[in-house]
């Protein structure tokens, strides 16, 4: 299987800003994203799904390095300070790079 | 004890279970289901009774109620800022919660009055809808200034088309268009089980309320005092306004309840988007952890008593 | 307006809320819960009334109804292929939706008739079950040919043991075995709240329907025309067949409704598995976005009128 | 067939659907919703009837019932160890399931008696609460010895504040405090739909039960025999104890049902935490896959008959 | 902690084919898999949980490189064209390699 | 974007021990964790969400290598034998290392 390396950006944050973040990702022209519901604990305390205000979401975006950087910069500038948020990046191998082009 | 409505005991059950760290929780989907039924039921009942009414007299009342929402927010803000020593954004955000309303509290008050055969004007649910919004606007303006450009449109959209307004207004319209037929038709889900649904909803509210205790412990006495005093002040204003507007005894008590209640759904969501610097734990601890339990246990009977006195009604 | 059933207004509420991009949604678990109740309720009621009946006359009717399902699919297919210029797989997949039925539409029709005191044969729910399947088979055969080996067994299993058939048939059997006792016993969940449950279900259907608009805009006018004309054609055939089979006025109208309705649950799932090349957005846009709203608002009253005329009933 | 309660047919429907590998499943949130309603309803009804009662006579009965829970576990253990050749931990874990109780089975028995106008003492739900616990303690002690330090506190907490105990006790207290008013108020959700809710709950239980078949096939004949014989032995003991304690005919049958039922919620969770070496599939296969279906179909009528004989009641 | 490297294959696709894909994985004799419910957006548009037809699932399989290849090949051949589907592979470290043997 | 490498520990296990495991993680002083609901299949057979006893959870912890080791050791010693459990570790790049300090 011929594969190429891309970045997988994972964002864990407050469910209440799902719509807003999706707007940001769309603006950055990511080719897609995947969201799952989550709960968790971090510096801003326990976030316990079950009730909208306490719930987290987990967003994954597969993209190239430049886009990963743009996402990280955007979120750092505008969201890190005020929202429960974690972002991490890892390497993944994919098969159809054209699919993940903006 | 005998003056308590059974549904309030469900709240206490949830509260105690939560404080004892029971693993009891209603699934999120069920909580939403219950909320949807309550909102539609309140809307439908109001709409049906509104059907025969002359709505012209209601419009000036609506304007007065909007003003009340603004005033309540402007009363809460300096109290939080000066007495509570909160910074601008947090004081504004918490104030917005108290200028707005809690539909859950309204539902408990409606049930409480029904069990005492106290009647009220059918357009009270309209006030619930109307009161959700002005406090949000005031809160955002205080925190951010008026130029908080571009975002106003999306904030308006979020708020006006939020779940609770859509369901309340939708219920009102359906009840109004269909009349009593609406309730006959769908009453088997929305009317007969209403108090049972409210009881289960309050069970979950008790659990959510218990979860606020750790925040309350951290931020201490002021938040607790504010969460008890502000509703009483609000209710006093609501009582006065209700009486001035010529509302009935029951209508006055309900308007007082609305004034005295604090939002825990619409406003937190709006603040998270529009005033993200504010700390959501603070306002939820006050509104969910103090004011809601106060209102459903002691507040509502008190507000009814206040309305009774101002109207000089015998019981 | 007065001719509308209140439950239809809930559909419109959902539709409008969806078009305005409200964040209102029922949780998936609740949607399923409502569906389960509707399916079991329809089955139970049918089963109980079926209890005393001579079923021998029903068997030939069932055969005729299967043929109707096949015929409807074969009418829809060339229309889609020639007039709509869809390719083979998409035309076949959409045609299968229209040859099959929508239980939601059936439930609305049942409620509509009940509120007009129109009675119908108790075995109509049996036809719902029977009509789900032939169109799927025809659709797959058109798209893939008959040799689509090995997969037939799993398709049959998926379809015959799909949720909706199991619950309808299960309800029918339980009602049939237990008689009126069944309804007395479990009516508090399945019978009294039926219309309320239907109302909430339709609210969600309205929201789902609104989500189809963007697809409809893309694929344009033909899909909309087809989604309105095909049900009327189907209903005309259903009316004729109902009359021929000697069904009552109400039974004829219900059979017309079944013929005129388009699947949005069983068939989409079957097509996704068996004809994956077809584009699921197309068929859902037509069946959910056009035909369902048409049927619940205008279609059902029209089909009842058609049945009334062919039976020469006075009202 | 006519002696079967309709709700049992829902269980069979679920069972058959599951065995045929239908994709029917109730969402987890709905299963929990149904459970919450059943538990609160049983508690409320018991509490209301308990209101007028002299509770002094109940205390010694409670002690006797605790002893019964311990005895049942100590009867099951050697049977599993010697006849079933299970190792210590698995024998202890399975035995704990049979010393404890199943609220679902209790609910079916209550419905069964209600439909036969058999009355019973209002404090029977108290026994449900009481019987949940001793078997867990005995099971853990057998498996781990008494020194299983530190964990006892957390086990006690988990068990005493588990969902089912909190809801049962909470319902009892609310019913007891409020009296008949409680049921009038929230009956529209907890009382009228009770049997419908039970029916849907049993549908899902049937599906869960069917999922146990593969385990049963693997562990074979002994587990099946044990799952049928142990409840009958337990019920015989329960019948004797009920009679000795001076319970009514109905109360005796219910105590027998409790003795004959096996836990599938509280005990599995407790064993997973406290005796993790035990294989949870074994005990669930026996209790969910054999004993539950046996009890709801054949067991309960048998236990009522046993109680009838020992009390010499004519029917 | 002594650990060995294996592949983690993540597949994001339509919920409606869950059973079918599980069948394929079982046929390939994977040692296990984990599924979570998801929603998302890609070339085939928005897929918004909540309703069966629109929902996504996210399947994870830990396996060796050969198996990862087999999965990728199988899905590419039979599913890529007709289904909303994304597949990516990354390296993970595990402790008990024998557990992930077919 | 300046980023540093950390470990992402993912644990898939029985939902019934969520509280217990969270207790262990808190004891180890992880800076946070994220949990999603899952279902799956492994050596202990099918685990099919929907019903508490059968459900899985998926826990993610971002931490340094030492902590990742501690978690792995702890779970291996106390849980591997008796519970359905899978643990894997991968490398991720994060932006604010101080946030993930215990």
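Assorted remarks:
Read from first to last, the chains carry the letters A, B, C, D, E and F; within each, the first residue is number 1.
Following the convention adopted for this analysis, a residue touches a chain if its C-beta (ideal position, glycine included) is under 8 Å from a C-beta of that chain, and two chains touch if they have at least 3 such contacts.
Quick caveat, the model's predicted, so the values are computed rather than measured.
With steps allowed only between chains in touch, the distance from chain C over to chain F comes to 2. Looking at which positions face the partner, chain A and chain E present mostly different ones, since fewer than half of the interface numbers are shared. For the pair chain E and chain F, the distance between C-alpha centroids works out to 19 Å.
Chain A and chain C have CA centres that are 40 Å apart. A straight line joining the Cα centres of chain A and chain D is 46 Å long. Counting partners per residue, chain D has 23, 27-30, 33, 192-193 as the residues that reach two or more other chains. Each of the following residues of chain E touches two or more other chains: 36-37, 90-91. Each chain pair that touches appears in this list: A-B, A-E, A-F, B-C, B-D, C-D, C-E, D-F, E-F. Every residue of chain B that touches chain D in the complex is listed here, in rising order: 1, 5-7, 9-10, 13, 17, 20-24, 26-30, 33, 115, 192-197, 199-200. Contact residues on chain E toward chain C in their complex (touch as defined above): 14, 16-17, 20, 45, 48-53, 55, 79, 81-83. Residues 10, 12, 36-43, 56, 58, 68-69, 72-73, 76, 80, 86-91 of chain F touch chain E in their complex.
Put simply, chain C touches chain E in their complex at residues 25, 27-28, 31, 208, 211, 265, 268-269, 272-273, 276-277, 280-281, 284. Note for the complex: chain D touches chain B at residues 27-30, 32-33, 36-37, 40, 157-158, 161-163, 166-167, 170, 173-174, 177-178, 181-182, 185-190, 192-193.
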